[in-house]
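Letters A, B, C, D, E and F name the chains as they come in the text, with residue numbers starting at 1 for each one.
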Amino acid sequence: MMIPNFAPRAALLRAAAAAVLIGFAPELLAQAAPAPNKGDTAWLLVCTAIVIFMTLPGLGLFYGGLVRSKNMLSVLMQCVLVFALVAVLWSLYGYSLAFTSGNAFFGGFDRLLMKGLTPEANAATFSKGVVVPELGYFAFQAAFACITCALIVGAFAERIRFAAVLVFTVLWFTFSYVPIAHMVWFWPGPDAFTDQAAGDAATAASGFLFKRGALDFAGGTVVHINAAVAGLVGAWLVGKRIGYGHEAMRPHNLALTMTGAAILWVGWFGFNAGSALEANGAAALAFVNTLIAPCAAILAWTLGEWLGKGKPSMLGAASGAVAGLVGITPAAGFVGLGGALAIGFIAGLACLWGVTGLKRLLRADDALDVFGVHGVGGIVGALLTGVFAAPSLGGTGIYDYVGNKVAENYSIGSQLLVQGTGVAVTVIWSGVVAFIAFKLAGLLTDGLRVPADEEREGLDITSHGESAYDR
Amino acid sequence: MMIPNFAPRAALLRAAAAAVLIGFAPELLAQAAPAPNKGDTAWLLVCTAIVIFMTLPGLGLFYGGLVRSKNMLSVLMQCVLVFALVAVLWSLYGYSLAFTSGNAFFGGFDRLLMKGLTPEANAATFSKGVVVPELGYFAFQAAFACITCALIVGAFAERIRFAAVLVFTVLWFTFSYVPIAHMVWFWPGPDAFTDQAAGDAATAASGFLFKRGALDFAGGTVVHINAAVAGLVGAWLVGKRIGYGHEAMRPHNLALTMTGAAILWVGWFGFNAGSALEANGAAALAFVNTLIAPCAAILAWTLGEWLGKGKPSMLGAASGAVAGLVGITPAAGFVGLGGALAIGFIAGLACLWGVTGLKRLLRADDALDVFGVHGVGGIVGALLTGVFAAPSLGGTGIYDYVGNKVAENYSIGSQLLVQGTGVAVTVIWSGVVAFIAFKLAGLLTDGLRVPADEEREGLDITSHGESAYDR
Amino acid sequence: MMIPNFAPRAALLRAAAAAVLIGFAPELLAQAAPAPNKGDTAWLLVCTAIVIFMTLPGLGLFYGGLVRSKNMLSVLMQCVLVFALVAVLWSLYGYSLAFTSGNAFFGGFDRLLMKGLTPEANAATFSKGVVVPELGYFAFQAAFACITCALIVGAFAERIRFAAVLVFTVLWFTFSYVPIAHMVWFWPGPDAFTDQAAGDAATAASGFLFKRGALDFAGGTVVHINAAVAGLVGAWLVGKRIGYGHEAMRPHNLALTMTGAAILWVGWFGFNAGSALEANGAAALAFVNTLIAPCAAILAWTLGEWLGKGKPSMLGAASGAVAGLVGITPAAGFVGLGGALAIGFIAGLACLWGVTGLKRLLRADDALDVFGVHGVGGIVGALLTGVFAAPSLGGTGIYDYVGNKVAENYSIGSQLLVQGTGVAVTVIWSGVVAFIAFKLAGLLTDGLRVPADEEREGLDITSHGESAYDR
Amino acid sequence: MKLIVAIIRPFKLDDVREALSEAGVSGITVTEVKGYGRQKGHTELYRGAEYVVDFVPKIRIEAAVPDNLEDIAIEAITAAARTDKIGDGKIFVLELQHAVRIRTGETDDDAL
Amino acid sequence: MKLIVAIIRPFKLDDVREALSEAGVSGITVTEVKGYGRQKGHTELYRGAEYVVDFVPKIRIEAAVPDNLEDIAIEAITAAARTDKIGDGKIFVLELQHAVRIRTGETDDDAL
Amino acid sequence: MKLIVAIIRPFKLDDVREALSEAGVSGITVTEVKGYGRQKGHTELYRGAEYVVDFVPKIRIEAAVPDNLEDIAIEAITAAARTDKIGDGKIFVLELQHAVRIRTGETDDDAL
């Protein structure tokens, strides 16, 4: 695959990440160091809290409601433990390897073992001279890492060995999440772009995809495609559930699934609008887009089901909401309201196909449709971001940090190419890492799958020694 | 009905809405345009997120827990689709017709099809020279429109045709929610009140009820009475559920209902305190009132049940909380803490009567007591706002934007008259629009009601092809 | 017990409370009164909302899921009513007695009956010249009082008389919560520390434990130990549930318990990070610690169960999260990230022992392990705060408000002694008050316990006349 | 004595219970069951997965009656439970050899 | 063989199961049911709506026993389930014609 | 006529239902039950509290059949429900005296 020379355009980027100021540009700190605005700090911390809320209980309920009651706790348990594990790994090395300066694929060791993470440390935003407490940024990004890894468990739910989930998570987090986050989001921050030369240097020091100009506002590639591909690989390797295709595997509690979807949505405001890192108009734009894109997706999915199957379902509407949220994630701060409605509508239809037509083609028992929703929605969103970010279509365009203004010529075609590159790199990288990680996990834990009779009886009792419900 | 000449007093108002600055007073923008404070922006966006949380999943769970399990998903589905539909309509024309300058009943077309809604646009607040990102204000008000329309579905739950809900929603949103919001909340913003003449002009340009001086801090009329009347009309027109009155129709899951009530409460802090539009002392006042009024209402309802029926119930306490929240909504920023306790206590008792004594009088199967709680609580709250806003009773009084101070003579009697006018206009307007909208919906969708055997089997399976629970 | 002379060191404290500025230091107000920063205000109000969210529905679901379904509503009802009752009492006298100037054990009457609680009143923070709206502080602290009292009900769940809960709550709130809050958290605020003499006077005017230098960032003693001891006393006095020890008393819905735990966690960010009272780096530190300590505790509890019992359980993981949250509460703003991980891990293991080994020793039917988690975790956290607050271990040390810098010599040994004093005073005080309060409640309500057949049938039907579930 | 087992539509339970009370049947025991028979089930769709649900919710009533009440009870049930649509259900009659009231130890007709 | 059907109070299930085990009954099948009889139900109130709930939760036990165990089993149940308050429940005995153990195809007494 | 009661493993329900249909049995009634027998239960641990759960989830099928279908039905059930592991369940056969189809009032064989 030929990758065009994006270098000159990369200096123009505005993306959903910030560099660690300290250590990167000490000379900047020497002069009057900017202090965080308390409105930004409040915003960032609140957003972080609600992104955490997305995984626990949001994702847990969304997923848990969809499985059979005998596996409810296993799903919750996997979400909780993946969350806890990743948050600790994030502290120990993940943050440092993702968000400090290193090479194009991995960061460095500046923040290893939480070194230097004090209340006084600040992190850059997307505005020159505007910083936020680095601990806030650390926590915000921790929440992203946690939910990404937790998303994966939906694909092989109801039959995987618990220990295998943990081993897989450690490996995949380290070798897929961390580098993809670095590739897509790491840059030296806006204050490095003092003139063209400095800008070029800063661009060169950025992540592999960032420097190519890939737009991913809040994690279409890093979070959704990344997790979805890992899930799909897992579903293939772990194999289909016993009885899949001829026994009914009805969701055991769609009220919980809807509650989970709604909590995901609320948290997603933090996810997307918080990715602006400041409480400003850009955050408000991302917020509104995160509101209306899923609404359009709900209407699309509902309409699709109504026309195609005769009845519109609540699970369809809830799935549509998530589809729209996934679709708008990479675009949230880059597109206008019209673009958001379009992306939402298209993502809704695409994911409806993802969980029906595509699912039949893939022939994997992706139990909770991680790929059908997050994969399809993520790819559609990533590509459409390239389209609707165009100022001519109401988008914000790309910001030129050297010229301090929106860059003038936006080419949908070449941006689409960049976006496609981002998608392709993520799909391949995550796929390969996931494959190896699952294989290793299987070796280390006596097989990826529980024995058949344990699967029949349910993982709650056999893996965790408890039952979700008693009447 | 004789409407006294409130015009001179209207310039003194402080209410829960803001005008769109841009386009309205371009000369203001010409001079040093104020920039939003990031604390305000953070506050407004967070409040918006939690108001959205109120509908999904809050209202869905609150309502859903109260129906029989066979109709659980239909309630959730109606909440989700009404939300999605209204949010999209809000983007397309609702916001423009409600919150831009037009006549006394409808706004104009300045924001039609999201025109001009960019990250740079700002909206006025209640303080001179203080603005917030207009997109934030747009989203905040969108959340209000969504929940208002969703509130209605409780009245005719468990038997209405799904398509009829959607048709009704489009009509009622357009012809009742939008104009009532405009009548009560539209004004040109504080900066227009530069002197007496300008103030008079600004008052004249305000909404029909706003200019008369009606106080509605966060939506007692616009949201609660408006929705409750529509629900009551719907309950009458759709007719009683099969078996109503002789079969037991027990709530299927009060744990969910309580969860929903609690989520409503948390979101209501955004609803009421967010209506201050700034993160200031007024917001803190509204916040505290939103905390203690429902507490007083819980105690009142519990006491009432305990003394009247022998046992205090959890559903009673949860209903009391909502009653208190509804009651304090129009008053939240206008009354002191003592007033809030009084309003809460009275609203608690009034709504207890609303769902028992009054309900028997009304002879409608308002399935989830939309009128008994939101109608009664809304009316009680609207009227008591006129009482407890009085500075002599610890209220804030009315602010004189020309004199830049609290107006001196507050007359409880004449304010009560204004409040009563607001209530009456809302009741009649919403009632008439709802009646026509239901009739039209019935015509367009083959009857408002599902066939009897579908009602028996439950709407989840028959309308949506799915079941909420499987064990 | 000899209490060393801590007086000179108390002037160096930074703790989780603020004094009421108005009335305390009128001369300060005379000069240029500081205005609240809107970012701080937004932060404080949002934190308050999510702390409220902790009790309703968080604690309700966490506890409710653990009881048998026949008692679900009684638990929710107790949580709701305790919340409402305490919030009203807080308004009437609690806030005044806890947070205005009085003696070392009780505050005064400056805020009795909500006097002076206007939108204009401000409260001090931990930074000189920085204030927040007092109503925000009032509400924040109200939420603490409410959840503390609600925590207790878990200990005697499933058999206590509802009226007894209410009477007990009034007494214990008044005579234990209020004075302990005053003892630990009341101080005249940082602006009083103008020089050594003024600092000494301010210290002398502080609460009994505050002036001794006890560190309790967000309520390890005031909230957790306080409530846990009361619960344990209650469990003893109310007696064991019928069938305890030989009938299975399985949790009826662990999905709700997990949801509750997750909601508690999210709210705890407000609880701990909000206790910084400002949206600054200290808040970010407390936030991160509140994220990673429970993660370490989850890993610890899970590991402990896995190695000790053969299977790791979801209830264990959820309990571990709460254990870690309790443990980090007193330490959140004082320790570094490494300290947080250590405290979390230790608290996780300690509480696992608390609900197993210690529980067998205590021989009380503390139904929902209030003491095992909140008591053990609170004590462990309080003591370890003294260890890991040490700058040498990455902690913040103690701030010298006279010298306006971190004090130089931190002695872990003597701080441990102070912390132990705080624990001991809280245990004894709460224990004695709880004992008397339960005895009085029993006298006033015809016995603490419901009759045996009502306990058999379940409190939902017999005490509240309703059932949680119907299918 | 007879043990009468009736499978009926859930919403008819209250009517049937009243009819049996009036007919002199002193008690009944009720179970929530699922029935499969001539009455059609329905289809459910969860994203891509379509399930045909053949079972319909029914209520199973069990009533022990003295021999002389057999016909009366059958008639009472039939009258109360009938809607004339497929799926109204069945009545099965079994011979009951003994009955005991646990509380008193009374047996047979006295136990009912 | 006999098929013994017992309706008992839910909290007595463990006691009855143990008593039957000791009496030599090899297995039982248990159903959650609702009973209507002399024992009073209760009233529930949801806002304005008051419902009289006539049914009380009961447990239905089914045990197939060889003829010689009939009396022993009845006694065991009676002893274990009795509280002497209205609502203790009933025991019904039916004649069991055949029994089959699915796993082995063994029949009648061997199947139990 | 016979009333056949079968206790089977829950996941075998669909197979058994199909087998019975093919065998000519016109309808069945199904109950979720818990069984106690040779099959081992499991242990659950909730914090400090350990519970031994002796009961395993089972499905109880009730099918009224004409006499000539008795053996065929038993065979169909046995074949479909068998896994050869402990806990496959039992089949019990009772004599059915009468049957009534509520909808039509048809009786006995016609009612099935």
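One rule holds in what follows: contacts are C-beta pairs under 8 Å (C-beta built on N, C-alpha and C of every residue); 3 or more make two chains touch, one makes a residue touch a chain.
Worth saying up front: this structure is predicted, and the values here are computed from it rather than measured.
**Q** Which chains contact both chain A and chain E?
**A** Under the touch definition, chain A and chain E have B, C, D, F as mutual neighbours.
**Q** Name, by label, each chain that touches both members of the pair chain A and chain F.
**A** Chains in contact with chain A as well as chain F: C, D.
**Q** Steps needed, at minimum, to get from chain A to chain C via touching chains?
**A** The fewest steps needed to get from chain A to chain C is 1.
**Q** Higher C-beta contact count, B-D or A-D?
**A** Between A-D and B-D, contacts are more numerous in A-D.
**Q** Would you indicate which option in B-D, B-E or A-D repeats the interface seen between A-F, with over half of the contact pairs matching by residue number?
**A** B-D
**Q** How far is the middle of chain C from the middle of chain F, if each middle is the mean of its Cα atoms, in Å?
**A** 54
**Q** Please tell me the distance, in whole Å, between the geometric centres of chain A and chain B computed from their C-alpha atoms.
**A** Going by mean C-alpha positions, chain A sits 35 Å from chain B.
**Q** Touching at least two other chains at once: which residues of chain C meet that condition?
**A** In chain C, residues 37-40, 42-43, 46, 50, 250-251, 253, 309, 311, 313, 315, 465-467, 469, 471 touch at least two other chains, as defined above.
**Q** Going through chain E residue by residue, note those that touch at least 2 other chains and give them in order.
**A** 31-32, 44-46, 94-95
**Q** If I apply the definition of touch given earlier, which pairs of chains qualify?
**A** A-B, A-C, A-D, A-F, B-C, B-D, B-E, C-E, C-F, D-E, D-F, E-F
**Q** Chain C touches which residues of chain F in the complex?
**A** Listed in rising order, the residues are 44-49, 51, 53.
**Q** Within their complex, state which residues of chain C touch chain B.
**A** Touching chain B: residues 36-43, 45-46, 48-50, 52-53, 56-57, 60-61, 64, 72-74, 76-77, 80-81, 83-85, 87-88, 91, 113-114, 117-121, 133-136, 138-139, 142, 162, 253, 256, 460, 463-471 of chain C.
**Q** Touching chain F in the complex: which residues of chain D?
**A** Interface residues on chain D, with respect to chain F: 2, 5-8, 31-38, 54-55, 58, 60, 74, 77-78, 81-95.
**Q** Over in the complex, which chain C residues touch chain A? Could you list them?
**A** So the residues of chain C in touch with chain A come to 37-40, 42-43, 46, 50, 68-69, 250-255, 258-259, 261-263, 265-266, 269-270, 273, 278-285, 287-288, 291-292, 294-296, 298-299, 302, 309-315, 317-318, 321, 336-338, 341, 396, 469.
**Q** Spell out the part of chain C that touches chain E in their complex, as residue ranges.
**A** Residue positions touching the partner: 243, 247, 456-457, 461-462, 465-467.
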